[in-house]
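So that you can tell them apart, the chains are marked A, B, C and D in the order they are listed, and the count of residues begins at 1 in each.
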C-alpha cells in the first residue's frame, strides 16, 4: 500500500509521516507541500535524517500515486483533492474541519467562514471518531467511496469522556455540561506567532477564545449523536494553553440525574463520604464496561488520575472518573496526545478500519512517562 | 517596626522575608525555623546572599522581639504562637488554614484532621481577604487584638472572580458554580516529593484531589459571605497542576439569571453575536465598578484575557470577563501569583491595613511578562 | 527469549521494560524490584496500564527465568547477580558503573567508594559502547560468558563526539579537551530530591559537580582507548542541568594539530572565512566516513546543528562538526537521549550484538521533534 | 529627571520601562516605538495595565523631552539619535552594538555588516561595563558629553567571570580560554521565529552560531582591556539555547600558569584532593577581594554554585570558582539575568554612574528563587 500525505510539512502532516513510516502495512509514502515543494522532508525536519528521506511534490502527484490519501492542509483548501480522490475511489482522510460537519454547511460556514465547494461529498462522509462511528466507517469503506472528517483534538478528548454518561442517560434533564480543557502548544501548529513565542507562553497558563472556540459546535454534535438529539445537553467549552509540547487534559462536569447521584445526608461541605466513593466506583465500572472493546481508551482504576504524560506519544485516551464533593456532579478527566489520538494517530486508526487492518497497527506506542 | 516570620524557610516564609525586606515600614526582621534553627536564611536560600543575612532562631524569640508576627507554619501547629501574640496584643497573620474557618471548627477539623486548641481565639479572628473584610480587619486592629487567617491561594483567585457577580445577584437561583483552576508547582511547597519531581510534572498537566480538595469549603464560605447565606450557590472546585513555577489561573462558570443573560434568538451554536458582546461589556463594566477602589484587582479591558504571566511576581489579581457562546453563563477568568496575592503578598497587604500603612506599601512590583 | 530486568522500577529500569516490550525477539519479561517487590510495574508506572502488566519479584527469580539479564540497580550492589549469571552462562548487561572500569579497581573505588566484590569477573567484562567495542562484545559473547558494563550517559555523548578526531590524530600534542555538557533532569533518577524539585530547577540552568563528576575518568578511559594511551589527551568535563526531561547536549573542544587547522592570515577576530568553512567540511567528511556503518550515529550535514529534540526518544547520537572562528579548535556538538542511547537503548543494542540480532531491532524509533 | 526610551516595545525596551518606573530619581518617562507609534505601551504589554500608562511617540519627541536617553533599537539604526543627543549634551545609553567597538570600525562592520555613520562620536564613547570602565564613564559624564555602548548579554557574564584571573595574571602564557554559555530564550527578542517557537525549543537544548557568534570579538576586547594587549588570551565562545525565559550561565575554562596550579602528585584521574580544594579557596579569595567594592557582583562561598535562578529578575552577576580535577585549569561559572545585568539593568547602572546617583538606585531587586 502506498499512502499519500498532502500538506506533509505542518506539524500534523509531519506526525503522519513519522507514524506511517513505522506502519507495517504501508510500503511507501508520497508527500506534498506547498511551502517546501521541490524540497525534502528531512530538510524541513532534520530529526528524520537517515530514516525518512522523501521529496516533496504536488498534491496532484500524491493523489496519482497513493492508495489512501491523508490531507493535513488548512481548513477550506482541501475539498478539490477530496473530490478527485472520491471520483477515483481512493479513501480520503482529512485532518481539517472541512468534513466534520456533514450536511450542516451552515454551522461550518458560520465558524470557518467558507461555504462548501462540493456539498454533495458530504453524503459519503463520516466523522472519524471510531468509538462513535466505527460501523459507519466500515460501511462507507465497503461501498468503495469514503471521506473521513478526522476529529478535532479538543472534541476527541471531550467526547470520549462524556460518551458513556450520555449513552447511559446519566445527565440530569436540561443539563449544561462544562468542558474545561488545557492544551500543549503544538496544537497551535508550526507557524511562529506571538502567542506561541517561547517567552510569551513558557512558565505561564492562559485561557483563549473563551466562549468562541470553533471546536464548540463539533463537541455539541458529538454529544447529540451519542445522547440522541432530544436529550442533547447544552455545553460550554473553554480551552487553555499550558507550557508543554503535547497533550490535552479535559475536565468535564456532568450534572447527574437524581438516580445517579450519591445519596448524601450531609448538607455541609465535607470530604468525600463512603457513599460517594461507592457511587464513583459504580460509574467507573459503567465506563469500563462501555469501552471494554476499545483498543485505545483506558478507563483508569481508582487512585489513578488522567494526566497528559501518561499518554505521551501514544494513541491512548485515558479517562478517570470522579464525583464532586456533594455527589451530584460527575467529573470526568481525559488525557490525550493532541498530535496522536488528537490528530495523526486517529487518522491512521481510521485508515486501519477502512482497510480492515488490525486497528492497533502502527499505533502500538507505549507511553513514555517523560 | 520589627516584623517576625515564624517558619521562615518554607516557600511562603521565604517569600515573606524577601518581600518584607523591601518594605519601607519594616526596620528589621526576626526569623525562626524548626528545620534550620541555628542556621542562616541565606544558607538555605543563596539567592539572598549579600542582601538578606539573618540567623534563624526559635519561634518564641521571634514573638518576643516582633511588633507583628507572620506565621508560615504548616496547618495545625501555630495556634500556641497565635495565643501568645494575642495575649501580648501583637497582630498575628497566619498563612495556614488554622484561622480561616472562624467558629466553624467542625469544617476545619473535618478537612484538616485536627480540633482547635484555642477555640476562643476565633472571636478575634478575621479571614484576611481585604476585598471582602477590609473593614473588619481595621475594626479588630483598632481593638488591639487581631488574628488574620490569611486566605488560601485557590480561594483568593476564585473568590475575587466571583464576588461582583455574587454581590450584584447575577447567578440564577439554585446555581452550581464550577471553578476550574490551574496552579504552578510552587504551590506544593519546598518539600521534594514524587508529584513535584521535575520529570514527573514537567511538560505535562494533571488534575488532582478531584472532588476532595480542602480549599473547597473555604471557597464556599467566601461565596456565602458575599452573596448572603440564603443565596449561596453550590460550588464545584477542581485544581490542576501545570509545569510552571508560579501562578494560578481560575476559570469560573456562573450560570446567569434570566435578566443577565444575553438575549438570543439563535438556537444553533454560533460565534458570539453582537448581543453577547454587548452584554459582556455590561458585566465587565459592573466588575470594573465593583473593584474601582481596589489597589490590587485589575478588571481587564475587552480583548485582554487573564494570564498568569501578566501578574508574575506581583500582588495583582487580574480578571477577565466573558460569556459563553449562548450568552447564558458568565465565564470569569482570574490570574494571581500564588506566592504573592495567593500567600505572602496578601499577608503583607493585611499588615498594611492593620497598621494603617498605605495599602500598596512594599507591594509595588510591576509584573514582568517573563 | 526471556529477558530479565533487575531493578525494574527506577527510570532506567522502566525504560528498559518499555523498550523491551516492543522488541521483536523478546517473548517475555521477568522483573524484580526491591522497593516494590510483590507489586506490579503498571501500578508504579500507570502509563503502562493495559500494555505492560507484570508482577515484580526478586532478583533471584529473574535470574532463574531469564536468558539475558539487565541490571538497573544502583552502583555497587549488583555484582553478586552478575556473578550468578556468569556462572550460569547468562549474559549480564549492567547499567551501573560496576563493570565500566575493567581491571582498574583503584579508579572505580576512588570514585564510587567501594571495592570490587568479584574482581575476577572483569576478565570477562567489556565496556559496552558498540562503536568502540563491538568486536570484543561479539568475542566474549561467543565464549558464552559476557558481562557488559553499559556506558554512562555523559561518556556516551562525549566519546562518540571525539572518537573520529582521536582515531585520526587530529588533536595537537599535549592537548586538553574540554567537554561541556547539558543534561535533562531524568538523568538524576526517580528519587525526589531538592535538586530535582520542580520549582528549584524549572526555568533555570546550573552546573554541578564542577571538576568532580565521576563520569570524568570514564570519559578519559574511552579517549585513551581510541587514541592510544601515549596520545591520550587530558580532559576537563563539566555537567550542567537544564529544565528538560530528556537529552544530553555535549560541546567538545579539541585543539587541532597544525596540519588540521584552517589556514588563516587573519589575526583579528572575524566571521568564519572560506578557508574555515572548507576545513570544517573536510573534517565533517572524515567524521561521516568514520561512522558510515554505524546504525545509530548521524553526522549532520552542513547547516544542521546537534539538538536534543532531534534525537528525542530515539537511540541516535547526532553529531555536528564546527571550527572556532580562528580555525584552530574543532568544536563537536553531540546530542543523545540520555535514557535511550545514554542508558536503556544502548543496553538493548548490546543485547542485539550479543545474540547476533540485527542491531537496530527494537530500537527503530524515529525521533519526534516535540 | 525625565528619562527617554527609544524603541520601548522590544523586550529590552520594555524592561527598561519597567525598571525605570520604579527608579526613585526618575520623575517621568517618554517613550517611542516605530512599530506601535501612536499606541500605548500598556496595550503592547498588558502586564503594565494600571501601573504604566504611556503613549508611544517618535524618537525625536523623546529626545526633545528627556534628560537622558536610552536606545533599545536594533543594531545600526540609532546613530543619528546618538548624534543629536551628543550635540545637545544629553547622555545617550545605547543597548545595541553600535558603540561597543570604539574606534575599531573594521571589527564592527565585519560582524554587523554596516559602517559607522558618525565615526567621530567614538571619541566620546565608553563601553558601559562599570566593573571595567566606571572611572571612564564618570570622566566622560563630567565632560558633559557621553555615549554609552551598553555591553552585550554574553560578554557581561563572560567578562566578569574572567576579569580577576586576567587582572592578576593567572592564565598560562599563550592560553586559549573557552567560554561555553547557555541562555534563556528572551535573549532572542520579541519577534516570533521558528527558533523561538515554543514547540521547537521547549524541553530541548541546542548550540547555535558555533564559531561565529558576534559577541566573540566583544568578549575578546574586554579580555584584552583587562589583561593588557600583550597578554591577551585567545578565546573560543559557544552559545546554547535552553528552555527558560531568562538567564545566562557561562562556564569559563582558564588554563592556569604553573604558579597558580594546585600541586598534585597524582597522575591518575581522581576526585579533588585537599590541595585542589585549598588552591580553589585561594583563588576564590582573590576573586572576592577583586570585587569587594562592586555592588552587583557576588563571588559565591564554597559549596554554592552559580545558577540562573539565584539571580532571577536582579542586576547581580553571581560567580562561582572551581578547579578541574587535575588542578591545572580554573573553571569559573557566572550567572546573570540577561534582561537585567545583561541589558536594561546594566544600562540603568550606567545612568546612575553618569548622574552620580547611588549606583544601586532602582536596582535593589532581591532575586526570587522561582
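Definition applied: contacts are C-beta pairs under 8 Å (C-beta built on N, C-alpha and C of every residue); 3 or more make two chains touch, one makes a residue touch a chain.
Given the structure is predicted, the values throughout are model-derived calculations rather than measurements.
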Path length in steps (a step moves to a chain that is touched) from chain B to chain D: 1
Farthest chain relative to chain A (centres taken as mean CA coordinates): D
Centroid spacing, where centroids are CA-atom means, of chain A and chain B in whole angstrom: 36
Chain centre separation in whole Å, for chain C relative to chain B (CA means): 47
Per-residue overlap in chain D, given as positions that touch at least 2 other chains: 184, 186, 199, 201-203, 243-246, 309, 312, 369-370
Interfacial residue positions of chain C with respect to chain D in the complex: 106-107, 110-111, 176, 178, 180, 182, 184, 199-208, 210-212, 214, 216-217, 220, 234, 236, 238, 240, 242-247, 249, 251, 253, 255, 268-272, 276, 305-309, 312, 320, 322-326, 328-329, 331, 333, 335, 369-370
Residues of chain C that touch chain B when the two form their complex: 11, 184-186, 190, 192-194, 196-199, 201-203, 243-245
Residues of chain A that touch chain C when the two form their complex: 14-15, 18, 21-22, 45-52, 186, 202-203, 245-246, 298, 300-301, 304, 309-313, 316, 364, 366-370
